[in-house]
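The structure appears below as structure tokens.
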Amino acid sequence: MSTLKNIPVVSHEKPSGGTGNLLANVFDELMAFCRSRSLFMLHYCTGCGAIELPPAMTSRFDMERLGIQPMVTPRQADILLVTGYVSTKTLKRIILTYEQMNSPKYVIGICSCTVNGGMYWQSYATAKKLNDYLPVDMYIAGCMPRPEAVIHGLRELMENIKKGESDNWRDYYRRYDHYLGNQQRLFGENWQTPTDIIGEARHYDLMGPETLGPHTALLEQHQTPLKPFEMTLGLADLPVRKDEPR
Amino acid sequence: MNHSVLALVPALPLLASFLLPLVPGAARRLVGPLTLLAVAFIGLNLWPLVQTEPMVLAVGDFAPPLGITFYADSVSALFVIAVALVTLVLWPWSGSDAGNLDRKQSLTLILAGACGGLAVSGDLFNVYVFYELAAVASFGLAAGARTAAAQIATFRYVVIGSLCSLLALLGITLIYVQTGTVNLAHLAQLAPLKLHNPLGLAAFFMILLGLGVKAELFLVNTWAPDVYATAEARVSGLLAGLVSKLALLAVVRLLVLIFPLPEARDALLLLGMLGILSGEFAAFRARDVKRMLAWSSIAQLGAAFVAFAIPGPAGLAAGLAVALHHLLVKPALFLLADRWGGSLAQITGAARNSPVSAGLFVLFILSMLGVPPLPGFWAKYLLLSGLAAQPEGLWWLAGAIILLTTVVEAVYLFRVIGALYGRDHTVTPKTQSATAVIGSGVFAAVLLAVAFSAPLLALPLNRMAVQMADSAAYIARVLPPVLPGVAP
Amino acid sequence: MTSLDLLLILSGLTTLAGFAFGNHRAYPWLAGIVLTAQIVILASMPLPMAAGFGFEMFGHPVGWQMDGFGRFFALITLGAALASVAYTGGEWGERYAAGGKNLRWLHGALAGNVLAMLLLLASGDLIAFFIGWELTSWAGFLLMAQGGERALRAAMRYVPYAMAGAMAVLGGLVLSLTWTGTLDLSQLVMLVPGLANWKLALLLALFGTGFAIKMGLLPVHLWQTPAYAEAPGAATAFLGAISSRMGLFGFGLLLVKLITLTRLADLSFIDGLFSARDLIEWVAALTIVLPTFTALKQNDARYLLAWHGIGQSGYMLLGLVIGDATGSAGGLLHVFNHATYQAALVLSVFAVMHRTGTADLNSMGGLVTRMPLTFLVMLLGIIGLAGLPPMNGFVSKWLIYRSLMIEGRPLLFLMTVLGTLGTILSVYKLIHNTFLGQLRAEHEQIREAPWSMLVPMLALVALAFVTGVAPGLALNYVNEAQAALGLPVMAHTLGGVESPRGSLDMLWIVGVLFAGFGIGALLFYGAGGRSKRIHQLDNYAGGHFLSADVRYQYSDHFYAGLMHRIGPLYRGSFTQMEAALASANDLLASLMQAWYRQAVPALTLLIATVLGLAWMIWR
Amino acid sequence: MNMIELLTELAVMPLIAFTIGLFMVLMMRKIAAKIQRRVGPPLLQPLYDIVKLYAKKTQNSHGLVHDIGIIMAVGGYIAAETMLPVPGMNGIAAKSGLLALAYVIMIPSLGLALGVGQCANPNGSIGIARALTAMLAYDVPFVIIIFGASWFYGSNNLIDIVAHQQAGGIATWGAAKMPVLAIAALFSMYAMLGKQPFEIYVAPAEIATGPMVEMGGKYLGGLFVMQCFQLFTASAIYVTMFLGGGENWPFFLVKLFAIIAIPMSMAFVFPRYRTEDVLAVVWRWPVLLGLAGVWLVMH
């Protein structure tokens, strides 16, 4: 698992130019194009790599000409930039943040620490491989990578998105059990985020063979319910029942 | 009807009071009520007769201005009826022991007789006599509660009362020295000549202060709060409701007949205004219900003085309205305050166990505040429109004071209402006695009857005022010009 | 028997019935039917309609007569009473009775209020007016006092105000009698404008004080908020909707009919620079602004609304005093409009209280999922209160703005808009803290309010909406009132005003607005991806894990930045003024008590006698 | 004017407004980039952003009111655009007027406020509280200016106002006749646009973009659309009141863009005010200018 190619990427996009409605294909292409040209990024600055982002954004390299701009909350963002070593405690927040982002969403690991722990390899409190816990779309290795490398990585990602190759976010839904398992190993079996990934997978028809498994079963045992508060009229009391306690 | 029945008005109760201890057995308890009923009967019979032509009785057929003269016009007749009926409602039916009860009943009868006498007296000396009689009876009644507080209060009352009686006597003496007569009609004839001077005014002022004690006139009313607070409720009711009105009536007779002067009016107006101010504001801080009612009664009488100060029938009508309204309301309130006296906190929630009495209390309070269509409003309306019709200055100031102090009055009276309907469950207020409910119920019935027939009553009230204001007619009636062939 | 007699008799019977068997389950239905009948009778009554009864008192006839001005207010009164009575008809009334309170008193007092107001609104002379005025005040007191200990205290606070107002009116009545010799309104109308300036100013001061107190104009407004807020729900709605408008009715009679606006403008204080009319306009303008910003600071929903009730009355008076066709129509229309949405808002707040047991804006939140219809009522209500389209509050305020523009009163215009902006801020706080944001764990099991409470609320906002879209419906009655007052009548269309200098057609505006919403919805549901409802704890918190026991809600000190700027202006000057008056009163009272506690009365007597004699002799 | 023509206008006017708004956003971002010596976004970047946001696969809704808020925010502006006369099209401007328009454009804000409230995020609520405070700040001078303009033109009707100015050329433009008011209006419009130093309610570093904190996907996209409308509306109101409205499209566009360009050229060199300072600044200068302007107009 030392090369990017080995990160399991399962594509379910129909090959372009294949069967189906031509208009729909054009539409999909257009969407993919727009997605690739408009990337809002959330930089989760966990370590020293964050220092390389300002030069990438400002006048020297100017990400905005590529349609990339920083955003503040996970809801608004497309890219999650993890810029350095990830401690166990931080990882919980990263997972929470990732799950709160709207798909399609992309994770970029910057610096060697996200790839293999880097200089914190021996630390008991550092998560070594980010892609054990989250589907990483792109690693930008280096300690630290220069802004050119960051820009290069982002351009690669844009290409991938345009080609429809970068959709690891689906993988998170389809193999949720796998990711959850790794997370549980690290955080204990009580681990739960407020986001209902399984529910989302069902809602958007993103279920895969490994969405559910032993780990999700474990989750369900410990989970506090996250059913959203649906608007209820609760007007069953017509006519008023006399015996009902108020 | 024979003119001599007029003499019965004071005589009957006085006689009955002396005979009362001699009557044996259970009949003794009937003497008082029957006497009062008889007086009421006389008054009711008198009423239609005196509407057009006041009735004059020269006792012993000594032609006025000699001898004792009784004079009854419609106001007198009304007050005779009121004296009898109000005393009846406030009659002491029971006492701690028989001797005590006898004493109370006798004294009450004396008071009724004296009050009746004040209503029909036609000469200054009789006024003084009946006034003293009323004073003595009220001293006795006030001390009748037999508590130390009542006795101390009565002692103060006695001191002030006696001093003021002396003043009144001095005033009468001055007048007599000037004119050589005490007959009111005669005095009225002579007054422009002999009394409309500083000396006469000084005499008037002394009599005003002297009689003002009972009428709770400002300056000489400091006894009232303590006495009313400590005496029995019915006694307070009698004193505040009845006796004060009769004293007031005597003063007004003097004012109308002998001293229709701006100075005299100004004195009444000023003292009345001060009475309103002091009474209402003092009541504002009162925490004791009976004391509060006492102060409120001082203020009400102040308003009556202000009203009577207004010249002409308008003032008399307003004054009568205010006085009669107070006569209806205050005894009833004192009756209800018998059980509900003391601190306000003790009656919190009293409306729960005595809803009817609480309702009556509210009714009286609303009327006292002048909430239309209750009679208090019409009284206030007459008073204010009378004041407004006068040239600006003190008159308007008096009107403004009445309007302003009503606000103060509303606050403290509503405090009582708030306490009655409050929701404090830590105290269990006393339930009302049946006599209080019945007594105040009678007053309330009259009040409501007046409220519903107010448009009908406006005319008689006006007629009374006109009759009372007509001093020339008074003189002519008592001292008829000697016509050939007609014996005086 | 005239139909006015029938109306009053029906109203009287309702009052009696309320006191007699108001706690019976059938009473709300009965009262509802009778009130509806009264509305029908009133609406179909030819005007002016005199009552068949009356009497003469001290030479002055006392009688009742309903004109267009009175009918306008009377219709609102009956409508507000209908909504309030309907609200008590189900669970609310049962809970009220179960709480140890007496429904008979509530219903009796409510119906009594209606009767008193009808008597007031139909008065044909000043005595009848004063009778109605006093009855209204004390019936109002009775209604306010029903809400328990705090309500009783608030009602007690109302007493001196009410009495002062009544006495001021009585003083005015007596003076106008003295100066004109009549109490009949139709004769006073002719005689009063001819009085000298100082007399008019005195009349204005006396009557004006009385009406201002009832209306809650500055600076005599302090009684109103607690008294209205603490009353029981149905009573609060009724009081808030119409009760204090009786003061406006009085002002209408006084300023427009008796004194007349032109005479009012003549009464100038500083050499024609500042007239009585300016004074009233500015009092009205300040009444718009200051209470509105006080409302902004409230943390109790009921108090917030009650403060707005005071603020909104400023618009009505301002519109009336501007006195042109547009402005007065706006002022009068605002009475009706305010009644509709204020009643709905109050009822919705009490519906929330019914379920949650609290009106504290810091202990609610997120109730929209539990009480969506109540939310809808409050939403429409606050849009009306804030004066935004498409609700009716916008129309009346627009008319007032417009007339201020035409008349060229930039500062007053600024004040009205400032009031509106302040209202928007405060009503957002109201709906946000109640219905939006995080649902508290203890409120998760709450249900929607029962139908018996919802129906009147929904009916009220429906009315507010319909008359917002088609203000012409209500403007017909407004025109009648204008005509009865002798004001110029504003020509109108169904949708608003047609004028070469700027029209308002609500039919089009609302139509386009909803078309816009439709397109917005199409864009939202048609163009975008599907959305999924998520739990409120799935929320951005800077990476923090939220749980139900953590309050993740911003409610307290809601406009912190604004308060940093204007907070120092909230000095409580009016409260201090009230307290100063009260303590002056107390001081005077203790002085007077000291008089009666004197140790040696004989000495006083001596001094007094000597002084009195001296005065008598040397005078 | 027949009904079909009117309906066409009602459909076309928002579309035009949106398109112009898109380019205004682009211009704004370009100006910012130029000031910061960057290249800036490509031509269609605002469109890409919006399309991408609408095309998000998963979207989070916090409930019906959240959705309705966005619908109201967008729909309210769509309605507002039909009340603003543009060259050749008057929509329903004759039936509403300046005053009604000023209140209609509060509807989207209220809708947004509701939607944000439902998100149950305190950052959002704080943002709305600040936004409403800012509205209280800038609407005070704004209504003074509306008053002045409406008094000057003797009408509340936008069509009349435009006709009045176009009758005499540049010399009769509002800006020429009421220069003080025009300056005050520019100031107040600057505050209305909510860019630095007035961006108290976005405050990304402090309250995480305030109202937008929980907005993703088409929710955020809706807000982007709303921003386009907002820019157009603010600019068009200004142009209508002070710059003679639209005689023809080229001139109209120039004016529209110029009016947005002026404040935006200043915005990006500023830091941010605190809320109370926004109130202090806006209640002082534009209000004083506005009152002075009204006084001049009325005398």
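In this document, chain identifiers A, B, C and D correspond to the written order of the chains, with residue numbering beginning at 1 in each.
Note that a contact is a pair of C-beta atoms (placed from the backbone, for glycine too) under 8 Å apart; a residue touches a chain by one contact, two chains touch by 3 or more.
None of the values given here were measured: they were computed from a predicted structure.
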Inter-chain pair with the most contacting C-beta pairs: C-D
Farthest chain (mean CA position) relative to chain B: A
Central chain (by mean CA position): C
Interchain centroid distance [CA atoms averaged], chain A/chain C, Å: 56
Centroid spacing, where centroids are CA-atom means, of chain B and chain C in whole angstrom: 45
Chain B-chain D separation of Cα centroids, rounded to whole Å: 79
Distance from chain D to chain A - Cα centre to Cα centre, in angstrom: 35
Touching two or more other chains - residue numbers and ranges from chain A: 73-75, 100, 200, 204, 228-229, 231
Per-residue overlap in chain D, given as positions that touch at least 2 other chains: 55-60, 63-64, 208, 213-214, 217, 219
Residue list for chain C, restricted to those that touch at least two other chains: 366, 368-369, 372, 439, 530, 532-534, 536, 538-540
Touching chain combinations (by label order): A-C, A-D, B-C, C-D
Touch list for chain C against partner chain D, complex: 365-366, 368-369, 372, 375, 379, 383, 386-389, 394, 398, 401-402, 405, 408, 410, 413-414, 417-418, 421-422, 424-425, 428-429, 431-432, 435-439, 495, 500-505, 508-509, 512-521, 523-524, 527-534, 536, 538-542, 552-555, 558-562, 564-566
Touching residues (chain side chain B, partner chain C) in the complex: 156, 159-160, 163-164, 167, 198-199, 201-202, 204-206, 209, 219-225, 263, 267, 277-279, 281-282, 284-286, 295, 366, 369-373, 377-378, 380-382, 384-385, 387-389, 399-400, 403-404, 406-411, 414-415, 418, 421-423, 454-455, 458, 462
Interfacial residue positions of chain A with respect to chain D in the complex: 30-31, 33-35, 37-38, 58-59, 62, 64-65, 67, 71-76, 78, 100-104, 200, 204, 228-229, 231
Residues of chain A that touch chain C when the two form their complex: 73-75, 92-93, 96-97, 100, 193-196, 199-200, 203-204, 224, 226-238, 240, 246
Partner chain B, residues of chain C touching it in the complex: 55-58, 127, 130-131, 134-135, 138, 145, 148-149, 152, 155-156, 159-160, 162-164, 167-168, 170-171, 174-175, 177-178, 585-586, 588-593, 595-596, 598, 601-602, 604-605, 608-609, 612-613, 615-619
